[in-house]
Structure formats: structure tokens, C-alpha cells
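Have a look at the structure below, then the notes.
Each chain carries a letter (A, B and C) given by its place in the written order, and its residues are counted from 1.
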Amino acid sequence: MAEDVAVAAPAEAAPGAGGRSGAEPWIPELSRGAVLWNGLRAYGLIVAMWTRSTMAYRASFAMMAFGNFAATAFDFVAILMMFSHIESLGGFSLSEVAFLYGTAGTAFGLAELVLGSMNRLGGRVRDGTLDTLLVRPVPVLAQVAADKFALRRLGRVLQGLLVLGYGLATLDLDWTVARVLLLPTMIVSGAAIFCAVFVVGGAFQFWAQDASEVQNAFTYGGNTLLQYPPSVFGRELVRGVTFVVPLAFANWIPALYIMGREVPLGLPQEVAFLPPVVAAVCCALAGLVWRTGLRAYRSTGS
Amino acid sequence: MRAVTDSASGTDGAAGEGGTGVEDFIELDGVEKVFDVRRKVGFLRRERHQVRAVDSISFRVPRGEMVGYIGPNGAGKSTTIKMLTGILTPSAGRLRVAGVDPSRERTRLAQRIGVVFGQRTTLWWDLPLIDSYRLMHRMYRVPDARFRENLDRCVELLDLGELLDVPVRQLSLGQRMRGDIAAALLHDPEVLYLDEPTIGLDVISKAKVRGFLRDLNAERGTTVLLTTHDLTDIEQLCRRVMVIDHGRLLYDGALTGLHEVGESERTLVVDLEREVPPIELPGTRARTVRTQGPRQWLAFPATESAAPLVARIAAEYPLVDLSVREPDIEAVIAKMYADRSAV
Amino acid sequence: MGRLYAVVAAGGFRRYATYRVATVAGVFTNCVFGFIVAYAYTALWDARPRLGGYDLPQAVTYVWLGQALLAACATMGGGFEDELIERIRTGDIAVDLYRPADLQLWWLAGDLGRAAFQLLGRGIVPMAVGAFAFDLALPGDALTWLAFLCAVLLGLVVSFALRFLIALSAFWLLDGAGMAQMGMLAAMFFSGMLLPLNVFPGALGELARALPWSALLQVPADIFLGRRTGWDLVGAFGFQAAWALALLMAGRALQSVATRRVVVQGG
């Protein structure tokens, strides 16, 4: 046995210092802090590949993108039809509802574009293909998130922006510097909050592989919820989406402030500027949940 | 058969023994993996019990070796591979690959290892083969020249030229497997793990894959660990073989030694001048297992020499011709399993 | 022959019954959406009582009926169509065509089996949750319940026939997924899932109520809410049955064209 090894051992395998004898010179060293960058880079690579491949069938892409646009447009058409019968819903005018709809839809659309594939995780756990992602030198989250990246989801973002544009054009708002700055901030923060929900929903599937639908309740359900004014809903529900799953910070709270209305639940006006903080906390928590889920998977293997 | 299970019981001490540790690329000391399994009993009640998928396994693989890892379904082969690649965290024991703990340094180690899962592809299902390779190129940060060189080599040796533009889902099993092996090697891994690389392949694909692995090991010195059902893989590729069952290592050593450990039997095929009653050789451990006209089959322990038996038969019976048949490994292993489960 | 399709239907039922966690997850999502939309409708009917002829409890009942029937009608997908499209795309369909069973009836049986499970598994709990949390207008007499179930059954057949047509388009179009998505869109909007069709304004409302998708939710819901009785009830059944028949026939015609195509191409 021993002499076989001596024969088979390659010349380049002369043991060097430490454990990395014979390592290829081009292997990049990654510091812990570079993990995030590494993940984003991998995400970008996979996304670019999927985009290139979907663009090979332009007609099909156009049809799907239009479908996405139309699906969400029908949603708003339903709201328009409601307003054909009424002047205000829960004390809010069509323009105000359009503003809520547009901000929620845009933020959610961005999150869906970036992380809309998270609901496929459970299937990957079930059929074992998650393992193939675990043996690559990039974070699993980046790979799962970018899997089957669908640029057609831009349709929803576009629709959200159009409705938002309509809302802004028909509302007579008292613009201050703070309000102007808050508008893009709340959309980005809202997208980040929805991203956190997508990640938590994805991580949940480490434990319950068939439960991807639960995620829909919080993501698509959350989006639908935020399209209507908070005054429509029961106080307990509003409380729940403020303090438990803080979706209210994705648009209700900052949007009501921008429209010069009272922030719900009698909270002080200043909370309207909290979305970036809430988003950061949500993302950090989502990261923790994801790590816990991945660790659970790696100890149980199923 | 007892040789290995004994050494496996020493969990820690073995690592530092002598100067051998330096060259050992893969080291396992008393590695265990225990799964909690919940089984339904009745309508809502569930019973929890533990399954020891890998039970205190220890072995060393030096750099550049090609090792076969065999055992029946559910023996713990895949679980071992998953621990070696860092996918699964061991429940107990010490595990090192290239000096690092795979479960802690999984992403970093991924750069240095190649994995092929026979049952599932690491390629992107809906995309042409070449797209997967291009992505691997960037993902593993392989220098362009190196990537081209490795890709050209794989394309040539694994005959992938016409498949590069075909979406992976349209490839046959054999084509896909070759594509997967290439994908696992584009970043010059130091070790290649193959989980059932020839499962479901036709004869030609099998031969191609085996030839490629042999060259890879000989020319590049890549360490190879392969699990398989197909003993021909092992016979053609590996000098060393490990046998696992019920999570325990039953055998670790040269392929040739497996016969002795398995306490298997060789067969003496005797052609006589005419039909006679079954041959009896009192005082030896040979016994007649079959007769057919003038031909008789005698089984005797593989560890004993055939010469004294042949001499006695020649003296006592009208011998025309005879041959000795070696036991095949499949039978040996089957016997090992049978013996073990009988205990 | 009937036995065969019964077995296929039972298979469809069992196949979906094995996904327990998915069923629970789906019920949860149905309930969340039920709450959200029910609150929104409450605000709407507060502002315009008797909108579309419904009072508030009827409007809220309509919401929960929609959630209860969503999975069974496969309004948002999840039925057999993805599988059929995939079989057409890969060419496996050729095997199905040589089976001694009728392609359309085969898939219809399987889909009805699935729908039966989802009616029970995904329908009952959301309805119960809705009844617990809101004041619903539930029918008092058994005959209304029976009529409702008949209407649901007819609606399921219409839903199947529509999706069968869409799936068969994969014989001619490269990308069946795009068509399936369009089909889902139409189903969501014109079934009355987003808003009851009797709230749709003017001509759009009349058109929507005449299209086959109204057989999926609007017609069964109106029967459930006691708005279609006597001869009107017969008319409702006639409307559903006529669409079911017409669409099944269209599917059959399309199927025979497609079959010839497969045979000519040699599979």
C-alpha cells in the first residue's frame, strides 16, 4: 500500500508549511469580511447568466413580462372599479390609495425581482439538489436567491411606478426636503424589509419543505395589505404588522407622513423616519434565521 | 474483517502517530453521524429514534491515492461524502481534509475539492453545458488560460465537443455524467469525490469515465474517493478499498486482501474420465458442491493452497483436467454482509 | 370503462392528499388573504351598502367563498396543466395518445380527483375561519347547499375545459408557460376573484358575467348566497353546463387536430 502511494503522489505535492501543501497558486484567499462581497458577486454572475439565457427567447420574455405587468395591473383595475362606486375607502381618496399602492407595489416588486426564487428552496431540500449548492465556494443564499432569476418580474416594478406616478400627479402634497428624501428611502427600505421576509420564508422551508405557501401569505399577502389604507383594517392587525412583522414600516407609516396624515396607532410622527433602521434590523434578523436554518439542515441532512 | 473495526475504536490518539500525518490528505478519527428520525405511530403520535448513519469511522487517505468506498444502499457512504465536503456536520469525532475542518471552512474548502453526485447534477438544468462551465469559471475564479486548458482537456478526453451547446436536461445520463465530471474538475481540485459516478451508465460511457479517472489520478495526482455499487469500477481503478455497512467500516485495505478477510472460498473445477460419486477428501476442508456428469466442483477456503488438494485428487481419482476459480468480490462482500448480519 | 376513470380520479385525490404540510400552508395563506380582502370589502360596503345587490355579510361571504374555491378551481394554477404542457413539450404525450383511454377524459378524471381533495382540504377550514371571525350569510336549507355543490362541480368542469385548451396550445406554441400565465390572469380577473362581477361597471360587467370564467366563482357564489332560485337557478346551471359542453367539445376538436399532428410527425 505504502509504495503505491509513493508512486502515485505527484511531484508538485511537496508538503509546504501549514495544511495548504500543493495548493494551486491562483486560489483566492477570502477573508471573513469578503463573504458578503463574494456572495453579491456570485449573485450577479448567476443573475447575468439567467438573464442572458432568457433573452435568447425574446418573444417569450416579452409575453411573460407583459403578463407580469398585466397581472398586477388587473389588481389596480379592481381598485379603480371600487372607486367607480365610492369617493373614499376608509377615509382615503383614490389618489391616496394609488400612492399607497404604488409605494408598496414598487418596493415589493423590487424585493420579488431580487429574491422571488426563495420559494424554491423547499423543493431543493426535498430532491437533494441543495447539496450541490453547498459544495460551491460561494454562499448558498446567493445561489438560491439567484436561481432562475426572472427579469420579467420588472413588470410588477414598472406597474408599481406607474401607479405611484399617477398618485403623485393627482395628489397635492406639501413637499418638504424631508418628505422628498423620505420617498426614495422608504421604497428602498421597504424593498429591504420585504427581502428579509423572503429570506425568513425561505429559511422556514429548511424545517418544513412543503410550506413555501406560508411565505406567500407574508410577501404577496403583505403587499396586498399595504395597498389599502390602515384605517380599513382591525386595530389588532395593524398592530401586528407594525410590531411583529414590521411591514407597516415598508409603506404605511412613512407614506402617511408624506401625505400629511396621522401615523397609525397614535405613534409619534418621527417614527416615519425609522424605515431604514427597521430594514437593517429585519435584514440582520433574517440573516440569523437563515444561518440557523442552514445549520439545522447541515446537522439533519433533510 | 475484525482488523478495522478494532482500530476504529481508538478515537483521538491515532492522529499524531509517527510522521505519517503530514501526507494524509483526508483524516477521519472516530467520525459519527447520528440522525433523529421521527416516525409516525398512530394518527398524531410520533416516535423519535436515532439512526447512526456513520458509526465511529476512522481512516486516512494520503494525497494522490485513489480509494474505493463501497457498501450496500443506506450503508453510510453518501453521509460520509457529505461530511467530507462539509455539507453535513459530524455528530462526533475529528475530520480533516487538507488540514481543515470541512464543516467549518466549507465555502473555502469548496475551492479545492470537486464533487460529482451520480444521482443529481451540479449543472444548471435548463442551460447549455457551456453556460454552466462559464459560470464555474467565474465562480471559482479560475484564471482564463487555466480554464481554457482544463476545459479543452475535458472536452477532448470526455468527448464533450458536440454537447457544449445542448441544454443539460436534454443530455442522456451518460453524457450528463461526463459533463458533471468535467464541471467538477475545471478548477483543478486537489481531491475529487465521486458518489456513484457510473450508476445507470452504458458500457461505453462507463469505460470512458473510468479511463478518464485513471488518467486524472496518474497525471495530475488528484486524490480520488469514489463510492460505487459497481465492483468493476473498483477493480479497474482502485488498489485500496474500504467497505462500509450499517455505518461501520468493515474492511480497509488492498483489493486483493478482501478475499481473505471475507473468508471466502475458491472453487476447484475437476474434469474426470467418467462419472463417479462425489469426491471425498477426508482430512481437508474441501467439499464437493456440485456435480454434472464427469465434472465436479469443489469448494475450499480461499486462504488455503490448492496444491495438496490437486495432488490427492490426481492420486485417488481418474483426473483429466482441472482449474481453480477465484471468488468474485461481489460474492465476497455479499458473504461479509451475511456474516455480519448473522452476528 | 367508467371504472378506469374512477381509479384515475381516486389517484388524483390521493396524490394531493399526501402533501399535508403544503395543504396546511395553503390554508394559512388562504386565511390571511381572506382577512385582508374581507376587511377591504367591509370598508367598501360601509361606504356603499347594497353595492352589486349584496349586503355586507353577503359580500364578506363572497370573499371567503373565493378563498375556499381558489385551490379547487386552480385559478392561480397548480392543476394538471403544467404537467400536460411538459408532456407535450418533451413528446411523452405520444405515449398517452396510444393509451386505450381517452386523453381528455383521462385528464379530466385526474383533475376532478385533485379538485375534490382541494375542496375538502383547502376549502372547509378557510370557510370555518371566515365564519368564526366574520358575520357570514350561510344558507339555511340543505337544498341550497346541494345546489351550490352542483354549481361548484360544473364550475370545476368548466375550469378544467379552459385549462385543457390552454395546455393543448403547447402543441403549436414553443412556450406553454406563457399561455398558462395568460390563462391564470384571465381566470383571476373574470372569475370574480378580485372583485365580484356584479360590481363591474356597465358593459364590462355584462361581458364578464357572460364569459365562461364566471362559472368558476360568481355563479356558485350567487347560488350559495340565495340570489339564484327557481327558474333562475335552472338558468344558472344551464349557463354553466353550456359552457362546459362547448369548451369540452372545443378541447376535443383541438385534441384531434393535435393528434393528427403528432401522428404525422411520428411522435
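Please note the rule applied: contacts are C-beta pairs under 8 Å (C-beta built on N, C-alpha and C of every residue); 3 or more make two chains touch, one makes a residue touch a chain.
In UniProt terms, the chains line up like this: C = ABC transporter permease.
This is a predicted model, so every value here is computed, not measured.
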Chain nearest the global centroid, as defined over all protein CA atoms shown: A
A-B or A-C, whichever has more C-beta pairs in contact: A-B
Mean-CA-position distance for subunit C (ABC transporter permease) and subunit B (Å): 53
Chain centre separation in whole Å, for subunit B relative to subunit A (CA means): 43
CA centroid of subunit A to CA centroid of subunit C (ABC transporter permease), Å: 31
Residues of subunit C (ABC transporter permease) whose C-beta touches two or more other chains: none
Subunit C (ABC transporter permease) - residues contacting subunit A, complex: 19-22, 24-26, 28-29, 32-33, 35-37, 39-40, 42-44, 47-48, 51, 174-175, 177-178, 181-182, 184-185, 188-189, 194-195, 199-201
Residue numbers on subunit A that touch subunit B, as the complex places them: 1, 4-5, 8-13, 15, 18-24, 26-28, 30, 35, 38, 42, 45-46, 49, 52-53, 127-129, 131-132, 134-139, 148, 295, 298-302
Complex contact set, residues of subunit B against subunit A: 22-23, 35-36, 62-66, 79, 82, 85-89, 91, 96, 98-100, 103, 106-108, 110-113, 115, 117, 119-122, 124, 126-127, 131, 134-135, 138-143, 146, 188, 190, 217-218, 220-221, 239-240, 253-254
Footprint of subunit C (ABC transporter permease) on subunit A - complex, ascending: 57, 60, 63-64, 67, 70-71, 74-75, 77-78, 81-82, 84-90, 208-214, 216-218, 221, 224-225, 228, 231-234, 237
